[in-house]
Structure formats: C-alpha cells, structure tokens
Amino acid sequence: MTINYHKEIKTSHTWKFFVLLFRWKGSIWKAIYMETIIFLICYGIISVVYRTAMSEPSQRTFESVIRYCDKRLSFIPLEFVLGFFVTIVVDRWTKLWRTVGFIDDVCLLANLYVRGTSEKAIIYRRNIARYCALTQLLVFRDVSMRTRRRFPTMETVVAAGFMSKDELDLYNSYTTKNNSRLGKKYWIPANWALCMTYKARKDGYIESDYFKAQMEGEIRTWRTNIEWVCNYDWVPLPLMYPQLVCLAVNLYFLVSIIARQLVIEKHKMVDEVDVYFPVMTFLQFIFYMGWLKVIEVMLNPFGEDDDDFETNALIDRNITMGLKMVDNTMKTPELLKDQFFDE
Amino acid sequence: MTINYHKEIKTSHTWKFFVLLFRWKGSIWKAIYMETIIFLICYGIISVVYRTAMSEPSQRTFESVIRYCDKRLSFIPLEFVLGFFVTIVVDRWTKLWRTVGFIDDVCLLANLYVRGTSEKAIIYRRNIARYCALTQLLVFRDVSMRTRRRFPTMETVVAAGFMSKDELDLYNSYTTKNNSRLGKKYWIPANWALCMTYKARKDGYIESDYFKAQMEGEIRTWRTNIEWVCNYDWVPLPLMYPQLVCLAVNLYFLVSIIARQLVIEKHKMVDEVDVYFPVMTFLQFIFYMGWLKVIEVMLNPFGEDDDDFETNALIDRNITMGLKMVDNTMKTPELLKDQFFDE
Amino acid sequence: MTINYHKEIKTSHTWKFFVLLFRWKGSIWKAIYMETIIFLICYGIISVVYRTAMSEPSQRTFESVIRYCDKRLSFIPLEFVLGFFVTIVVDRWTKLWRTVGFIDDVCLLANLYVRGTSEKAIIYRRNIARYCALTQLLVFRDVSMRTRRRFPTMETVVAAGFMSKDELDLYNSYTTKNNSRLGKKYWIPANWALCMTYKARKDGYIESDYFKAQMEGEIRTWRTNIEWVCNYDWVPLPLMYPQLVCLAVNLYFLVSIIARQLVIEKHKMVDEVDVYFPVMTFLQFIFYMGWLKVIEVMLNPFGEDDDDFETNALIDRNITMGLKMVDNTMKTPELLKDQFFDE
Amino acid sequence: MTINYHKEIKTSHTWKFFVLLFRWKGSIWKAIYMETIIFLICYGIISVVYRTAMSEPSQRTFESVIRYCDKRLSFIPLEFVLGFFVTIVVDRWTKLWRTVGFIDDVCLLANLYVRGTSEKAIIYRRNIARYCALTQLLVFRDVSMRTRRRFPTMETVVAAGFMSKDELDLYNSYTTKNNSRLGKKYWIPANWALCMTYKARKDGYIESDYFKAQMEGEIRTWRTNIEWVCNYDWVPLPLMYPQLVCLAVNLYFLVSIIARQLVIEKHKMVDEVDVYFPVMTFLQFIFYMGWLKVIEVMLNPFGEDDDDFETNALIDRNITMGLKMVDNTMKTPELLKDQFFDE
Amino acid sequence: MTINYHKEIKTSHTWKFFVLLFRWKGSIWKAIYMETIIFLICYGIISVVYRTAMSEPSQRTFESVIRYCDKRLSFIPLEFVLGFFVTIVVDRWTKLWRTVGFIDDVCLLANLYVRGTSEKAIIYRRNIARYCALTQLLVFRDVSMRTRRRFPTMETVVAAGFMSKDELDLYNSYTTKNNSRLGKKYWIPANWALCMTYKARKDGYIESDYFKAQMEGEIRTWRTNIEWVCNYDWVPLPLMYPQLVCLAVNLYFLVSIIARQLVIEKHKMVDEVDVYFPVMTFLQFIFYMGWLKVIEVMLNPFGEDDDDFETNALIDRNITMGLKMVDNTMKTPELLKDQFFDE
C-alpha cells in the first residue's frame, strides 16, 4: 500500500515535518530495524571479546588492526555512489508511475464517440473498457507478485469477470513457440478493443471515421504505456550497478564493525570518552542503510514493499470506474443558465 | 500566497540580490526562526551547566564526550543527502506546476468552435468552461486544505455557483462502493463537458466533426493534467526518503548541541577564543535547516505555506476569466489595414 | 543584450577558450568587480587595524578569534549549495528560452493556409501575425522592465503600430475586477487571431476545415508558450531557496574577512610567507561570487543584465519578419528541373 | 542477454537485496575479476621486492616514494568524475532503450486499418509488418556485432525470410557513391512499407484517407526511432570523455600499486598492523573499477556484454509476433454481455 | 569529423576500454598536449631557478610562499564546478544533436503523398527535398565555420546546385533592414517548400487535404528544428559561466606552478622523495585540463574540433539521399507471399 503523508506536511511550521518520523508503516524504521540489530550484535560481540577475552599483546595487535581499517574507511565514498544512484532510480520510478495506467481517458472517449443507448452500443463500450483493463491485468500479473498471487491462473481471471470463457479460449488459441517474456500475448485484448472500434463504426455507433481514429489513438496510447511497464521490467538497470551500490554499503559496515571499535589504550589520554555503545556509528548506519533501503524500495515499485504501487487496487478501480463511466452515456444535466449568466 | 521577487532581481548589480534577504513573508527567516531559538536555548542550557554547575572531574568527562562527538559529526554527510534530494523535489514541484491548470486554451477553443450568439450556444460554451473549472475545483478540494476549508461541503460548491442544484443531484446519483482516493468522481464534470461537445455538434453549433474532435482533445488534456495533480498527491515519494532527510538534519543538530560545546581547558592554549555564543554553528544551523525547509515547502506545494500554489485564487481566476472568454464570441476588431500595410 | 561567443570557441585549440576571459560585456569581471573591491577594502581595513593599531594582548585575542573562525569556515559547504542550485536554475532558464517565442511557424502557416492575393486575404494574414506579436508584447510588458520602459502605456503600443485605436478600445472594454497577475488580458489578441481563422474560413480564404484546425493549433501553441513565460514569472522558485544561496555566499565571505587574516605570530615559524594581499582568498572570492552571479543572471532572464533575453529586439523581429512572411504568399520560384535532375 | 533480477528484490526485507551479490552472469564479479587479479599480482610483486630484495637504504628511498605518492593520490577525484559521467551515460542508455523498437503498435494498426480477409489484404498487412522488421534488422546489423554475426551478408537476410530475392535485387539497385554511415539505405524497406499503405488505399483495403495517414504516422514513428538508434551509434559522446574517465581510474590504481605499499618502518610504532594483503585498497579497487565497468557496459548497449540489449531476440520476436498480429484480423470474441452487466 | 569508437568497446572485457587511450584523433592527448608542455616548462623554469639560482634566504622566503599557496589551493573546488557544468553542457549538446536534422522523414512523406511519375510531379518532390536541404545549409553557413568556408557566398550555393540562379534572385529580393542574427532569412526556402505542397495539391498530385496537412506538418517540424539550431547558437549559456569555469581551471594551475614546487629543506626529513618531475601534479593537470577540454568541445558542437558535428557531410548526405528518396516513387517489390505465409 502506498503511504500517503502529504496532509501532514501541509505547512513547514516548526517540527511539522518532524511528525513524519513517528510512523511505522513504510517507514525507514521498519525497513532497517533488523539490519541495525544484527549490526549492533556483531559489533557488541567483538567489543566484548576485545575488552575481556584478549590478552594484552593480542589487544595491542587488534588495536593496530582497528587503526589500519579506520584510517582507510574513507576509501569507499558511500555518499557519492548513493547520491548519484538514487537520482537515477527516482527518475526511473517517476517514469514508471507516469505510465502505470488510469483508464479514465479511454472510457470517457468511448463514452463520447461510441454513441447510442441500445444494448449493443452499451456492450461495445463496456467491452472496450473491459479489454483495456484486461491488458493491464495481464501485464501486472507478470510484473507484480501481488497480482500474480491474486490471479494465479487465467481461470481466476475469468472467474473475476475480466474475461469470459469464450474469450479465454480465443486467447489460448494464439500459440507462440516462444515462452519467454518476448512471447507474451498482452496485445491480444488490446487488439480486441481496437476491433471493437471497427465494428462499432460499421454498425454506425461511431459516427465518423475521424472519431474512430481518435478512439483508436487513445487505446493505442493506453496499450503502449502498459507495454512500457512490461519492458521496463524486462530490462532493468544493468545488474552491476545495484550490485555495486549494495556491495559498497554492506562492505563499508562490515569493515566498520572492526574499524569503529574504540581503542582502550587511548582512553588514558582523557581525550575521548569510552562509550560502550557506538552512538555515532549507529547513527551513520541508520543513515546510509536507510538511503540504500530507499533505493531498494524504488528500484522495483511492483514489489511487495509498503510503499510499492498498489497494482490490485488499481486493477479494481479501473474495471469498476471504467464500466461506470461508459454506462450512462447521455445522462447530462439540463441545459440551463448558470448562476453568473447575466453578469 | 506565492511570493514574487523577480522584479527585484532584474539585474545582478552589486548587492541587488542582497535585498532579497530583507523580506519576511515566505522567507527563510520566517521558516526557521522557531527552530533556531529552540536550538540556541538547548545549546545555552547545556553550556551553562557545563561551565558553572559541573565539578572539575565531570567537566573532564563531559569534555571527552564533546571531543568524541565532534570528531564523528562528519559521519552524516548532510550536504549530499540534501543536495540530491532537493534536486528530485524541485523536479517534482516543476512538473506539478506545469499541470496545475490554466483554463484559457479550453475556453478559447470553445469560443472558436462552438459558434453562434443564440442563448443556447452561449450556454453550451459557458457550460464547457464551468464544468472544466468544476473538475479542477473537485480535485483541489481533495488536495489542498485551503480549498477544502473554502468548500467544506458540496453544497458550498453549489452556493458558489460552480454547480447547479440539479447537477449536484446528478453527481450524487453516481455511487461508488469504494470511498478511497481511487473511487473519486472527478471525471463526472469532465464527462459532462465532453457530452456538451456532442450535443453542440448535433445542434449544429459545432460545424464539423473535426472541430468537435479538436474541442474534445483540449478538454481531455485539461482533465488528464488535473488528474495527475491528484495522482501525484496520491503517490508521493516513498515516505522513507523524506524521513531519512529529516532525520539526518535533526540528528545532526541534536548531536551538535553537545559536540559543538567549546572545551574550556583548551582555552589556556590561547589557540582559540572562548565564544559564549556559537557563531559558526549558528550559521551552519541556519544554512542546513533552511535547506531542509526549502524541501519541506516544495514537497507539498498544495499545502499552506506562504509559497505554496494559490489554489483558491486559481479557481476564481479560471471561472471568471473562463466565462468572460466564452461570452463575447464574435466581438473582433474591424478588418482594417494595419499601420505598416503599404511599406 | 545576449552575449555571443560561439565563434571564438570554434575549436578547443590551446588557449582558444582563454580569450573568453578578456571580454568585459556580460563578463564575470563586470559582474563582480564592485563586490570584490568592497570585500578587499573591508579586509584591508581590518588587516591594518590588527597589525598597527592593536596592543599585543588584543592582538593575541584577535588571533584566537581568527583561528576560531578559520577552523569552522568549512561548516558552510558553498560548493554543494551552488552546484545543485545552478543546475536547477539552468534547467529553468533553458525551458524559458524554449518557450520565449519565434513567430515564424504561425506566419508560415498563415501564409500556406489563408490563400489569396486580394487585399482582404492579405489583411487576414497580417492580422493573424500582428495579433500574435501583440500577445507576446503584452506579456513581455509585464515580465520585462526593458519592454515596459519602451511601452509604458497602451497608447505607446498603439503608436508603435502593434494595435489600432479601435482595437485598444475593444481591448479596454473587457474589464476585470481582478487587477492582479491572474486577471491579465493576454488572451484577447490571441482570441482575435483565432477568430480571424473563423472568418477567413467563412470567406473562403481557408479552403478546408482541416486547414483551419491546423492554423488554430499553431496559434494555440504560440499562445500557450507565451502564457508559460508569464506563469513562470508569476511563480518563481520559492523565495527561500535563492535567499539561502545568497545568504550562504555572503555570510561565508563576511566571516572570511576575519577568518582569513594572517596571524602574524605564526610568521616567526617561517612556515608561511606574510602576504599583505590575501591572494588565495581573493581568488576564492572571485570564484564563488562569480558562481552566485551566474545564478542571479539566469534566475530572471527577463531582467536587464547584459546576458538577459533581448525582449525588445525579439518583438521588433517578430512583427517585421512576421508581416514580411505573410505578405508575398505566392511568390515562389518557377518549377524548373534542378541541377542534379538527370543524374 | 539482459539479466533480470526484479523478482528477487520484490521487497526490501532484510538482506533480500544481498542475494543479488551471489550472481555471476552480468555481475560485477565477472566484469572485474581479471583486472583485480592483475592488480593484486602487480602489488604483490612490488611488495615482495621491497620487503626482501632491497637493501636498507633503497628501502628508505622507496618508502619516501611511497609517502610522496600516497599523499597526492587525492589529486584525482575519482568519485566526481565517475558520478557525473555515469549519470550522463545512464541517461543515454535509457533514451536508447526507449527507441529500440517493439513492433506491436505498427502491426495492431495495420490490423485495424488494412481490412479484409482476402489473400491480397493479408499480404499487404504481412508486408507492412515484415518491411518494418527488416528496417530494424538492417540497422541492428550495423550497430550490433551479434546481429552482424548472425546476418553476415544480405543473402543470409534473404535466407532467414526477412526479404525475398526480388526485394534484395531492388534494394541493391539503389546505389550510393557514399559508402560511409551516412550513405546507409535503411530507409528503403520503410519506404516500401509506406508505399504499401498507398496501394492498399487504392485497392480499397484502407477505407479512408484519414486511416491511411494514421497508418503512415505509425510507420514513420517506427522508422524515426530506428534511425535514432543508428544516429546515436554514429555520434557517440565525444571520445575524450570516456578516455578521461578510463584514464583517471587506471592511473589512480597504477599509482596505488606503489602508493598503497605499507611502509615497514612505521610498523615499529605499533600504530598499525602490517597486513600483507592490502584489504582496504582491494575493496576500493573493486568499488571504483566496478563503477567504471557499469559505465563501459552502458556506454554501448549494442555490444556483447551479458547485460546488453538482446538485438537478435528482439528481431525474432518482432517478426514472429508481428506476423501473428496481422494474420487473424477479424477474430474477436462474440459480442456478449459481460459478467457485471446488470449491476 | 566525429570520432566513432563504439565498435571497440562492444564488451567490457579486461582492458577493452583501455585501447581507447591509444587513439590520437579527437583524443584527450591531442587536446591537451600543448597546454601540458607549456605548464611543464613553466614549472621547470621556476624549479631550476629555485634550486640553483637562489640564495639560501631567498630560498627560505620562496619556500614559505610555496607553503602558503599549497595550503590554500583547495579553496577552488575544481571538481564541483567542472562536474556540474559538464552535465549542463552535455545536456545542451544532446538536445542539439536531436535537432540537427536528417531529411529522411520529409522525403519519405513527399514520396508517399505527392504522387505521380510525370516530370512535374517529380519536380515537385525534388523541390520539396531541395528546399528543405537548402534551409539547413543556410543555417549551417551561419553556425559552422566549416560550412561557411565551403560556401563563402550565396553564389557558391548556387554553383553547388542547392539553388538555381532564379531562386537566388527571388531570395535576394526579400530585403531586411535588420542585418543581425534576428533578420536572417532562413524561412524563405522553407516557405517555398510549403508552397510546393499547396501547388501540388491544386494540380492534383496530392490527393487529399489531409495529406497536404501531413506533408506541411513534417516540413514545419524540419524547419522548427533547424531554427532551434540557430537559436541555440544565438543565445548560448551566459558568457559568465564558461568564463568562470575556464578561469577556475587556469588559475588553479597557475597557482600550482608555485604551490606544487617541492620544498628542498623538507627533504632532509627523508619523509618524501625529491622528485624533479612533479608526477602527481602532472597527472592532475591532465585530468582537470582534459575535463575542461571535454566541455570546450561540447559547448560549441558546430566548431572545428575533431569531434564536432560534420555539418558538411550532413548537408551532402541530405541532398543526395533526399533526392534519391523522392526519385523512384513507385518502385516497390511485387506483392508476393512471404516465406512464412502458410505457417
């Protein structure tokens, strides 16, 4: 479920933004609490061993290991790799959101151009809406685990009313040798929707060739957008790049477990306090690991994170609102003068 | 209210830009004065306690805490996380501004394509303009608290003249089980506007199928833009990211309250002055907290900050100017030679 | 006046780029010389006081102030805030430049679609061109001080021939209660231009409904672009952001005046030379202040800087070339075989 | 083959992202293992020579060389040049992916607008699809080595069925003096596809001029996109920029081989451990070299890396699915009420 | 001439990218060798003077100057100003490349819509192609020195066959008082091309008003793109910005000549080797100066660098291929079943 928080930040008054921190769902806390615990436990174990179980000479050796690592931690510039990568990922996420598909335009146009109140006209309109929604559903089934779980087989799609039994048979009659992503048959319902415009024009429900072409254009736009959802899923950013980022952050903190141990000996110099809990490293961990989590969540917005796109809700919304839109063609208000008419 | 300042920076002459600093409304001063005061008070209290109330040994301990924190403050690279995030937020803000909606194109086209000076023709044109303005109003009611306060119920919308009583009844007759954001009925007035083009064509006020399609295209563009205002509000940037940024800045300065205390002992070395007011930390606070405020203001431009979009003014402007545009169709100047004609 | 320098950098040969530095108009030198002088004078005064007028103890105290400030100057990361902000500003500047308006497309289409060599046909074409140029002029009057100074009143617009007296009367007959930016009447001449296409179609000068719609589309594009020039001016980047940037740079150098004073005492250590002129700080000042000036110039490209858009030249060009374009409709070369015909 | 990993990161649960690291194909490990080995061997040889083969004085001299290099390694800011360059490269890669070409829209439109079940009608549709696929193939042959290897000569293209013998003869009859990239004849099959629409209109299979224009528009879009694939290949980013980046990374690590040697003498100070394996430098090498590899992979997505675009699969998919789409024009489901009809 | 290197980086295998470094044309080596030599000579002279010609006391003084400069070199953050500026410049370069103009779409449409094999029809098509190519040539003459040198006068344009003598006379008959960039007459041949569509429609070679409008649209797109090439040249990025960048890099290395001198005295401390050649500074120089050169090359892609756009080749290509495209209208392959027909 997408987490909405705009209402809470309607002004930037003092500490208003602050309340965002006290949310759990979709929050950074939920995302990183487990990693943080593991990190602290590892740190703790090594700390205890170093302070209690080691002999003086091995303490000395260990301290030189600490110093060696600590001095070189900056070799990995996390802030750069995270900063640049997150910009790329947000860009991709935004583009996906733009193409994810609201059916309103298709249905309002069907309503405007496929006229008539006869049952047949209504069926034409409903079919256009339904076939478009079906195209989206088929793509979402491949792209999103949530939708796949809801519609594990094509039969469940029929049962949910998105398809009739006949339509499924026709759909299955198209066979492709190619079973990979490239052989997917998303275009079939879109083709049906386009054919509806042809038939409706022949039957006179669409009153002009030009209107038919407008209708076709909108269905095409819809299909192309949906297809890009699929294509973006097919060709993600090269695997190496997220690997690199993930590696950088994890290695950094792996080394930190040792590098950030406090050297006891130095304690005598009263220069620094001997904190048993590594406060600052802990803060840094939250910060960088949180940044990495932001990337993970946005890299695949069709996953199952709290903040991923709600594909199932969107499918339901599109079929329900879509059919409603095309049902009541001509119900418009009376033509009356508005309130400001004589001003 | 949006704060305009372009006039004041029409040149980059010496210190011209400087005068921008002496504004209060929508300024960085207004945004952060409270945070700054709180920060300084906290800093002051700890400073006083440390210098006067502590025994020598506990001063020593406290000083080692200060040194510990100070040395590690750089673990949180504020400049990176703020710099990259602000770029993303500005991008989103700009896109929203592009889609927020000026009604001129719709009305000028209605004016051009729906011809006639009969009352009915005028009503057609006025209705198209009004329904488009109404669509915007309905979305703004959900997105902006200011507009919501102005139009708390649908009845107030009727009272303001954006809708007639009949229209509201028809609007309410569409019921959706779904009461969430996904079930909103913004499309209904847009549908009415589209149906107006159908009827006007049937009545002969629109003189060609092609003109009707042009008219429809413009109304569709208007509706789609308005819908994206709503969709952007529905799916904000994943909650984690602003949380992370907010957390980083606030923790940084929380730690600063201790880390930036001046260690007295060092004073003896004459190396640095003992400032009782932490000038430089104060400047840094203004700087980073200000940057965070910029983000907060731009993240939700439909909020109630000084610099947020003026939704109510925009609604008023669209209905007033829109109706004016469609009222005087044919009043054009005489066809006369212009001044340069015979050159 | 826009400063052109492309010719001088046509290759990247040794030092070619270098000659760019020896220009004055629109240069960084012109932009910052005054600030630099003021900065140096302040620095000099303090330097002289410190070295000659202070007693030894107060010198010691002052030196500790210097050290205190110098060590903390890096708290304000100028390079980040300037780097990210300049990217945003350049983006906005580029978009504005894309929409600022060249009239060629409108006029060439008027020429192609409004046919005929009769006086009336020519008047139609000229009016379309003139009304479009007028729309631009009206917007530029509000946005640019230069254009405002050239056309202080609507009467001067009439005198310049962009409008006839009758047209001004008609223009003034549209009254809006709202006198703010939102109530501006830029759309009126655009509406006239659109109405010209209607009348020309009725009179048979435009030969097809489809051509009329093409013509309308181009005029609409023109008007919408011009309107965005106005809208961008109406909603600038939130005031806070430029305030923040300006503040950061100015405070940085204010503190620098003290922080960058050379501590005399250190001189004895032979470690560094005692320069009376702060060379490096001077270079840094030029660098950062110059970067800020780039931002100031680009933030409002309709101002009066050397490098701002030449609105007046553009208006003149559009009316002159526009009328020329629509004047000689049918003068095309004879239909003859070209030189390569028989190859 | 493009490497897909979205399924594995469907949530950001603990360590989910981590599993990405344990892949070989298309991974960062595969990309850099050889460089890493070479780097370590060089480092090792020098280390052994320094520790065992050198006399004390030459050790001293060598150590001063180490110190000299190490202190100045930061002169080359790898993180900046890599961060900014990768952003540019990803942008280019994304644009290429958007234009690389899925044939669905062309075929679905052919299906909708070129009607009829006669053999001739079917041939028209199949030819449009085939010629479009052929255009893509011809471009991919020039751009991608994989496709070139699969279709080394035009005869192999004929053999694969993308072209008939006659068509090849006609294709070859167009001669250009110019044999460079600029003289390529990619437009010929696109021209044939466009001519098909003309003939089909003349034969009455396309029922309206307007439909023909829609069809033409889609073929044009297809051709233009394909052409940009070619143009992007023709004008890469200026050679200097990747040279610079490559140079920076390689020089950095060349110098590192010396600069990162541990100075033995320091060992006596117990300050740091004497690691014989340069752990941290090794990590840094993986990190930066991996980043460089990401750039190399994305700079030319038509190459032969694991993660490059699968041009051959795409060509096969387009011809197979394309022909399937245009084959069964009129097979649509019966017009029946859907499941929700009476709700 | 654009330098192509994609073939050489088709994989990211070990050191594949490396070979890019061994190219001369368009390479970073060619771009900076002269600057590097000059820099090294200056450095050398000062180094020799310091080591041999100076007395001990002046050596001491000079050393303190070195230390003073060296410590403050970081005041100028080259990596930031270069990184951000290069991103802006690449963006601009990419947009220019997108609009630079390939004539294929115009000609293929002329071929499709202006039908007939009569000489007159062929002349119509050839003229449309030629006038479009001519528009491009006229703009390139103003923008690119290479094209200007090839066509120094309009007579050479006639001689090259792009224009007939009559056409030049007609072209010259349009006079503008304004001789600046704003008064350029690029639109004249574009106007002729548009008029061709009008005449061809009147003569029946274009079979539908709609086709004429499509044809017009494509010519308009071509002209608008070409015009933006010109407009981008007219309004470059504000002079200050490249000045600032150039200044920063050059000043940095000017100061470096002194700041990076090795202080001999320190040599006694055996801490660092006394290198007579400043290896690391040399590497840094290559790196930053190379980055600057990338910017210089991309800032004006119509210049005469190795990697600038090949305007002359493009003009030749467009006229040659363009005329070829429109010559053989109806030569399409026989309508035969393709190889896969009966599958």
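We call the chains A, B, C, D and E, going by the order they appear; numbering starts again at 1 in every chain.
One rule holds in what follows: a contact is a pair of C-beta atoms (placed from the backbone, for glycine too) under 8 Å apart; a residue touches a chain by one contact, two chains touch by 3 or more.
Remember, predicted model here, so these are calculated numbers, not experimental data.
For the touching copies chain D and chain E, the fraction of interface residue numbers used by both falls below half; the interface is of the different-residue type. If you average the Cα atoms of chain A and of chain E, the two centres end up 39 Å apart. In this assembly, the C-alpha centroid of chain A lies 24 Å from the C-alpha centroid of chain B. Multi-chain contact residues of chain B (touching two or more other chains): 31, 80, 83-84, 87, 210, 293, 297. In terms of which chains touch, the assembly is arranged as a closed ring, every chain touching its two neighbours and no others. Following neighbours round the ring, chain B first and chain C right after, the list reads B, C, E, D, A. Taken in their complex, chain C has these residues touching chain B: 31, 34-35, 38, 60-61, 64-65, 67-69, 71-73, 75-77, 80-81, 83-84, 87-88, 91-92, 119-120, 123-124, 126-127, 130, 143, 145, 161, 164, 166-167, 170, 174, 176-178, 180-183, 187, 190-192, 194-199, 209-210, 213, 216-217, 220, 223-224, 227, 231, 233-244, 246-248, 250-251, 255, 292-293, 296-297, 299-300, 302-305, 319, 323. Interface residues of chain A facing chain B in the complex, by the touch rule stated above, are 2-7, 9-18, 20-21, 23, 26-28, 31, 79-80, 82-84, 86-87, 90, 94, 97, 102, 104-105, 108-109, 111-112, 115, 207-208, 210-211, 214, 270-273, 275, 279-281, 283-284, 286-287, 290-291, 293-294, 297-298, 307, 309, 313-314, 316-317, 320-321, 324-325, 328-341.
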